[in-house]
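Have a look at these structures, which come just after this line.
In the two assemblies presented below, chain A is common to both, partnered first by chain B and then by chain C.
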Partner chain A sequence: MGEFTLLVNIGLPLTVLVIAYLTGSYLERRHFADIRKREARMQRFPTTTFETLPDDWEVADCELMAESVVVSLDYFKRVIAGLRAIIGGRITTYEPLLDRARREAVLRVTEKAKAEGFDAVINLRLETSRLANSDSGQGIGGVEILAFGTALLRTQR
Partner chain B sequence: MKFEPRPADHSVNVTARHPLADATILVLGLGGVLLLVTIVLAFFADALVARISVKTEMRWFGGMSLPTVVDEFETTSTSEEQALSDLLERLTQHWESDYTFRMRISDSAAPNALAFPGGLIVVTRGLLDNVESENELAFVLAHELGHFRNRDHLRGLGRGAAVSLVVGAMTSGGSGGFGFGVADIALRGFGREQETDADVFALSMVYAEYGHVGESWRFFERIQSAYGDGNAVLNYLETHPLPSSRIDDLKRLARERDWPTEGTLVPWNPGSDTPQD
Partner chain C sequence: MQLDIATDIILSNTETVPGKKITEFYGVVTGNTVRAKHVGRDIMAGLKNIVGGELKGYTELLQDSRREATERMIEQATAMGANAVVNVRFATSSITQGASELFAYGTAVRVI
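== the complex of A and B ==
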């Protein structure tokens, strides 16, 4: 009798955990590889957090760029974070998630600015909002990062 | 100053430790602590139960009928129920206690017998319909008496409370399932030990009543032939010892104490007026 119950109670969650770990870490590796490649490509595109322009710049056009990204938690990360929440300490499984979301959001702003022909993005800001309903621990866990900045087009000399 | 763009260093934002290493430390560490807490709480519960006298237990639980635990009772007082009570009374003559025992028959088809706080013993229809001799039935009843002597039914309540405490503490952290799993497994060993103790007590009682222990393990033999021993790994998690190991233990005990394993069997056929040949 007990074998089936045991299978359902222990085997099933364990299987989901393993699948979540495999898919989660595969997607994460792939995303990081993609981010690094795109960051290298955007390396020479001026992006600053300054609110002011360099003195010798003359601006022909400007536009607000606001791009957001939402990255979901996987079951494995959530379970480990749940255990971590009992004893406290750094939730290291969440760190790559935030890092990915931040860098992806900044890339979306700069890539869009470049694609639309702008020369630089200044006054870049990051905002984060909480999608997960963390009061009850239920709901979809994830992170949303909004990046926005002012894209500038310089007058040609 | 000439500006030279460089790739940003992001390594500071992500801890280099492998997530699986983190998971292993967390699961083993927390599991170990929970195991310890459950065991300590269970010991406290046991110590508490030892201080509750049988008289107090009878006062608390004596009137309990437990309709929610056992599906349905057969209400008619048959000659079979009378015969059961007579058998139980003969057995209890070999053991002085403050308990007043009550026998009930449950409609369940699964062969089983259960001990409840307050001296209530429930045997199932499935057990009664399958026993081949009074000796076999006597061992099962004596096994339940063994649970009463060791106060296992009360200790079970105490340990249930211990598990609830641990699970409750974990649930506030959002990992109740993990806590329940650990606490449950921690107490399985206790459960098996209780069964073995009750078996030993039952065998000595059967010997005292009949002068031999023949057919005592017939019940386990039939369970084994019906269900087998099951999967060896999963059995580690079972609450009761394996039927085969219980049979072996009982046979060894009989050999050690020099109790004859064969003798005259008393037939069990209440309800039918014609005596069995």
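== the complex of A and C ==
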């Protein structure tokens, strides 16, 4: 009986950890592949962080676009990040998460602008905020990445 | 966000409306909303939290809230007689456990 309890107490979290790691990494790889494909497709769509337009542009219409992504780390990576926080240094598990969320948010803005017939997005801005969570760091938390900019339609001539 | 709000007000996050000229300034307009997470969504997000990645329920919730904040800002601008809001900014802050405030602000102007 004692052995059984031990097995449940240690084995169960360990199994969840392994499943979380495998599924999490698989989903991350798939997401990155998808992002790269879409980025290649959007490469020729003008997107800038400037406020001003090229001098020869005449604008017929503009619209504010704002898209966001909420992401969270998988269980395994959270455990690793927790350990890392003890010794300090780079938390490499968080870096790809924020990177892919940001690229996804930017893609949502540019893809939407393109789909609605706009010619460019200017003054693109990115913001990051942490979603409210319990103070202890337990429970469900996430990071929201917001991308917004002004989509432009050029005058047809 | 579906910023597809049915309005005649022009929104832009640049300092002027591209292709138009500002003729009058009305001042700063703001709009906010405080939203709490929803239990059903929380359970789904809790499951999703094990494997990581995007929490779609939360993305939707925040986009919805941001639209509401923007609509309130537009209402204010309309009441002032403006036809555009320029230099729109968004802010998010965690107010208390499980709740976020979404805030939109900008400058109401008249453009021609």
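In the analysis below, the second predicted complex is superposed on the first by the 153 of 157 C-alpha atoms of A that agree within 3 Å, B and C clash if a C-alpha of one lies under 4 Å from a C-alpha of the other, contacts with A are read in each partner's own complex, and residues count from 1 in each chain.
Here is the rule we use: contacts are C-beta pairs under 8 Å (C-beta built on N, C-alpha and C of every residue); 3 or more make two chains touch, one makes a residue touch a chain.
Small disclaimer: the values here were computed from a predicted structure and weren't measured.
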Inset, instruction - Answer with first, second, both or neither: which of chain B and chain C does A:I10 touch in the superposed model? - result: first
Legend entry - First, second, both or neither for A:R125, with chain B first and chain C second: second
Inset, instruction - Based on the superposed arrangement, let me know which partner A:E95 touches: chain B (first), chain C (second), both, or neither? - result: first
Inset, instruction - Give the label of whichever partner, chain B or chain C, reaches more residues of chain A. - result: C
Inset, instruction - Report, in rising order, the residues of chain A that make contact with chain B in one complex and with chain C in the other. - result: 77
Inset, instruction - Flag every residue of chain B that touches chain A in the complex, lowest number first. - result: 5-8, 10, 13-15, 17, 19-20, 22-23, 26-27, 29-30, 170, 173-175, 177-178, 181, 230-231, 234, 237-238
Inset, instruction - In the complex, go through chain A and note every residue touching chain C. - result: 16, 19-20, 23-24, 27-28, 31, 51, 53, 58-75, 77, 97, 101, 104, 122-123, 125, 127, 129-135, 140, 142, 144, 146, 148-150, 152, 155
Legend entry - Touch list for chain A against partner chain B, complex: 2-3, 6, 9-10, 13, 21, 25, 39-40, 43-44, 76-77, 79-80, 82-87, 90, 92-93, 95-96, 98-99, 102-103, 137
Legend entry - Of all residues in chain C, those that touch chain A in their complex: 1, 3, 10-15, 17-19, 37, 42, 45-46, 48-56, 58-59, 62-63, 66, 88, 90-100
